[in-house]
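These notes open a run of structures that come right after.
There are two complexes below, and they share chain A, which is joined by chain B in the first and by chain C in the second.
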Partner chain A sequence: MIAYNLDYFKPETTQEAYECMKTLKEDKVNALYYSGGTEVITNLRKGAFKADAVIDLKGIGEMSEILVDDEYIVVGANVPLNVMIEHSELQSLKSILNKIADHTVRNALTIGGNICGKLPFREAVLPLLALNSLVKWVDENGINESLLRDVFDKRLKLPPNAFLYQIMIPRKVGGKMMSKRMEAHTEVDYPVLHVVMSVSDTEVFVGLSGFASFPVYQLIPRNEYDEWSDPVGSIAGLFEKDAKSDERASKEYRVHLLKNQIALFTGGAYDSL
Partner chain B sequence: MIHYSGNVSIQLNVNREIHEVVVMPQDTLLRVLREKIGYTGPKAGCENGDCGACTVLMDGKPVKACLMLAVEAVGKEVLTVEGLEDTEIQKAFISEGGFQCGFCTAGFLMNAFALLETNPDADEAEKKDWLSANLCRCTGYEGIEKALTLAQKNVQEKHSNKR
Partner chain C sequence: MNTKDGIGTSLTRKESLDKVSGRVIYGGDIMTPQMLYAAQKTSPHAHAKIIKIDTEKAKGMKGVKAIFTGDDYKDNLGLYLCDKPPVARNVVRHYGEVVAAVVADTYANATAAADAIAVEYEVMKPILSPLEALSDDAYIIHEEMGSYSHIKPIHPEPGTNVANRTKIRKGNPTEAFKSAHVTIETFVEIPPGDHVAMEPRVAIAEIKKTGYVHILSSTQAPFVVKGLMHQFFGIDPGKIIVKAPLIGGGFGGKAGIQLEGLAYLLSQKVGGRPVKLVNTREEDLTGSPGHIGLQAKVKIAADAEGKIMGMDMDYYFNSGAYADYAVNVSRAAAISCTGPYYVPNIRCDSMCVYTNMPFATAYRGFGHIEMSFAIERAMDELASALDMDPLELRIKNGVKPHDTTPVQSVLNESTGDIIKCFEEVGAMLGGNIGATQQLENNTVRVKGVSGLWKAPAMPTNTDAGAILTFNSDGSCNLNTGVVEIGQGTKTGLAQIVSERLGIPVDKVHVVMEVDTSVSPSDWATAASRGLMMAGMATLEACEDAENQIKEIASAVLRVPKRDLKVDGERVFVPDEPKIGLNLSEVVLGYVYPNGNAIYGQVIGSGKYIAKHLTDLDPETGEGHPDLEWTLGAEGVEIEVNLNTGKYKILKAVCCIDVGKVISPALARGQIVGGMAMGMGYTTMEGFTFNDRGQVTNGVLRDYKIMRYGDEPEYQVKFLETPQQDGPYGARGLGEQSVIGMPGAIANALSRAVGKGMNQIPMTPEKVWKTSMEVKR
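On to the complex of A and B.
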């Protein structure tokens, strides 16, 4: 039970949604954009965060669709993870996305909510960063577009009142992508470490969730990587400063897991996803 | 644009019946089903999305009713365990003893029913993936697994008889 009053808005266009948020903020109303609700409702109930109003973006049709053109798979921010997992064009993401939360939650949990939420994991962003996806977001100028890598640093950094609209995933990407998720107790749990590594002719991407207090990633030019005599130690060295200790695992254990996993990846233990 | 504030009257389609209820926007679907409409099958377990005892179907897909606002269900078809009477999964849970204290049972039933409706030929990995969303604190998983296996067999037989 959420123990205080909440106003609920459900706009039908991007402009309506943005204007709604802007007006509420001008009126000093603490409002949140809302999509799947799996994180928001829990936190409102527990009092972990407070809101006077939610703006449900599910009324904006194109934000709940997956469209495919010659270059991109365009995924609306309101698309639930299970819809992505089941989509024939997104099978390369399946083994990463289907480890987030549980099957029932993934019917509601949206890609936009996972990336923009307040939880520190945001695991779905890792393969999107690896694939050098683009994002579209809505602000006072309408719909904007940029590389995800340009606007994601620990979290998605959008202008005030802006919201994520669509993600454009390139269809033709060379190289291979590998992932491994490790939990402390059961599979349905937050990760102690979720590693996504991709290797192409031009770059090596390593992204981590659960390792630090936010998702972290590094891009290494392929020619530089090829000259490393100890890629495992070099990659671990790039992340070591970010490692956290908490009730799930110590910093040292996380670094150990990372080194072990990178050794398995670089030793060819995993095939391309 | 839809705007709900304070007490609002909405229509919810639950178990193929339209219910007119007065809710507040912050009311979860779980609380409205149980306290306003009287469907107490979905259980308030953790209310945190972990245990799955509140699972209902929304347009055929299992969702956790504790993680959803009631106003989000307007225009959708909601099915609770009360709507599963005389289904193969209900019969199999009874004949295989797929429950102990029974608190988690409704959630397992909803998820298992939806799985067999979606894919009657689901393999073990798919069954595990779907049902890992539900917890049984009595650890009565063996009976639940047997019930699902029996229900699947019966559903598959029904399908093959129709062909």
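On to the complex of A and C.
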């Protein structure tokens, strides 16, 4: 149990939420936004971090909705992964999202929480980056919009007290997206490597989660990619220095798994010796 | 005889509907008025002196009633060797060791106060393996070992880190090795780990003003708790009442004494009010004991035909910081040290060694799963050296009736047919065990087999009892001391009564809770002999009840007792069935038409005590500690991707000789459950440590166990060579199927990569690394 008291706020509008956080911070209160709560509740119990106040964003109704217009599928940051997985327009993301955590947890785990939480995996961000999605967030100026690629570097970089509002996923997809998730052993576990690779006419996207201490990605212009004689070596070379060793796998194994998988994606050669 | 739902039929367990509907009250659910709640503070260090514990802030916090530290109790507790204070005193010896406990009016207040206790440590270097603990200049973890009291069969070595050494000396091993055609040597390693039962441990203790001590605990051994509370705290045995409700899984982890002593001391500190002490999952994983680890060296000598001439082994069991059951685990492994093979010459030293790691208690397999891993890997190495099929080698050396065991006891006619078990396993796997099948994409399919055996390592006076009472409708109530830990023994015992007395099984009501003040004594629900021993006591109680029923009927019907039969809920004359009475008319005494009442209620009682057991000779190990042996064989088929090291166990098979299958579904459930546990143990479990001895996977998100989707296709076959002194010929089967899994899996993976895989857990990364070593 969380053995101490904290203040709980549940604003109903984006403005209310932002003002609430701003005021708490000005009063030097240690406050957090949260959405699904799967990370906040478990970590507050374990004592991995502390909070004096939590702001529950689930009171902001539109953040739990999925809207489809001509160009985008607009997903509110509070939408649980299982709802996304079951949505007819988001089937291309299904095979990536349904490997995160387990089914029961995904009933509560939200897309916003997965991207903005403290855990270093943030696997849901990979296909969103590959598809060149847009994000909307709330800050002092109200609702802002930008390309995800412009505000994501290891984690989502937003102004102080801002929070993620919606994600806009392009409906027209240019390239072919491939993904593979590998764990230390059993499937219900954090990834030691989750690789998403997307090849379109203009660019090649390779994004990795679980490989480094944060998600990493590279964009390669298509014509440059086509010139490579050793795609496996070249791609691995872009990421090798980021590989980490931890309880689940060594850096050598991660690099090996990456090369092995890129070889399978590209048909390129990889001799593990 | 009741053929409808007696032995041999599969029934829904009696408690299942309540379990799946959330209607069962487990220890942790209980809340009573006057109850106080305890929280624990644990050590982040593996080895440290406690310099100071500052409880000032905690004492003043809301709702706090008492704080308990090591200084509050000067003695040690212990099952076989008294080496453990209830909370750490002056020194912490493992990561997660409890250093203080707080009692408060709510669990939240107790936890908040525990957080506020400040402990100052002087960190010391931890010892993190048995071999390190045995090195010449190793730190002595228990300096006062010489003053620890212990039971006779345990031989601690003060001045060292050896809590117990069991020696097996049979025949002339030196000579055997000299004249052998081939010898091999293998070294294996297993880290300590945890049972991960679904229910974390709980103990509730209350001391009434009348002096009666009430303990409610998630224990597999309520009578052991009663006995030890008397021994440690001097309470009259008749004034200790221990209750065991339904338990959410034990696997041996709840078979000793753990939280009960501390709960009692906490209650004492608050004037005897009931105190509930429940482990968080993290405390249950590393604070309370887990399973033992092992480093082992095995040498086997064989002749040119593959007949084993001798074995020489050293088992260095990793007991962790305290000994608990571990001293008997290492002893049990010595008794069975060769695995189920006939070996005429043996030198074995089995040691229980202290380290600064979470400590070990009983676990499914009790030393046999660890010993079996070492022996079965060595057997495959021997097969390789002899260029012999691994199954053929085992068939050639499997034990038979009249062979002697490592302790030189003689296997009697009640010995299972392990040769047939091996043959069946071979058939279930499709033969050709030694072959590697190449598939595309650098993937191979391989098989591995192992033999298994186990005898329970129990005290020589292990016992069980049973009481039968009756109800007005002729149904009966069975009261035994067996705890329902999820193994379904209560239902199996009901089937035995149903079979014996001819009463439908839903009219045999089994008392679910054990209460030491009303249940007959029972050593412990452990060692896979609950059904066997309580079953024998139950049969005796049935016979006693039947005799009394016939006595009353004889008077009423004016027929000699010998002409009566009890069946179909009646007592009657078999060749003139109209002459008879319904059980309902008899079991609470008989009332004549004129009102006269005779005899009174039928109460059947039965008991069982193990016969002719002796302890081991301290120099040679000779003795007869083994009640009965269960033998079997296991095998797996695995598909391995040598590119990534990832593998899938496609098939897991087991053939085990159980004497008699009382309940097929229950029996298969136990076997499959044991195989699953053995698979998790081998492939993904075990604590991981950093170099400061801290456990780095002490939460279930990181400590991985088997999940749905990981399981293979299971095939189970039972043989029924009767156990002549078991109920209907049955012998123990609850835990044995865990034993052969590490060997079978490791043998298959070793075949896949072309090199010995001798370290548990066998992760895909290890498979990949080993196959890379071979390629280079």
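Operating definition for what follows: the second predicted complex is superposed on the first by the 267 of 273 C-alpha atoms of A that agree within 3 Å, B and C clash if a C-alpha of one lies under 4 Å from a C-alpha of the other, contacts with A are read in each partner's own complex, and residues count from 1 in each chain.
As a convention for this text, a residue touches a chain if its C-beta (ideal position, glycine included) is under 8 Å from a C-beta of that chain, and two chains touch if they have at least 3 such contacts.
Just so it is clear, the model here is predicted, and its values are computed rather than measured.
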Query raised in the report: First (chain B), second (chain C), both or neither: which does A:68 touch?
Result: neither
Requested in this report: Look at A:38 in the shared chain and tell me whether it touches chain B only, chain C only, both, or neither; answer first, second, both or neither.
Outcome: first
Query raised in the report: Should A:247 be classified as contacting the first partner (chain B), the second (chain C), both, or neither?
Result: second
Query raised in the report: Looking at the overlay, what does A:188 touch: chain B (first), chain C (second), both, or neither?
Result: both
Report task. With both structures superposed, pick whichever of chain B and chain C touches the larger number of chain A residues. Result -> B
Query raised in the report: Is A:212 touching the first partner chain B, the second partner chain C, both, or neither of them?
Result: neither
Report task. Check whether A:257 is in contact with chain B, with chain C, with both or with neither, and answer first, second, both or neither. Result -> second
**Report entry** Which of chain B and chain C A:151 touches, first, second, both or neither
**Finding:** neither
**Report entry** chain A positions touched by chain B in one structure and by chain C in the second
**Finding:** 1, 4, 46, 187-188
Report summary line: In their shared complex, chain A is touched by residues of chain C numbered 107-108, 111-112, 115, 643-646, 683-684, 688, 696-697, 699, 701-702, 704, 706-707, 709-710, 761, 763-765, 768-769, 772, 775-776
Query - Partner chain A, residues of chain B touching it in the complex - result: 1-6, 24-28, 31, 47-49, 52, 55, 58, 61-64, 66-69, 71-72, 111, 129-130, 132-134
Report task. Quick one: which bits of chain A touch chain C in the complex? Just the residue numbers, please. Result -> 1, 3-4, 46-47, 182, 184-190, 247, 249-250, 253, 256-257, 260, 272-273
Report summary line: Residue set of chain A touching chain B in the complex reads 1-2, 4-12, 16, 20, 37-38, 41-42, 44-46, 54, 56, 58-59, 82, 98, 101-105, 107-108, 187-188
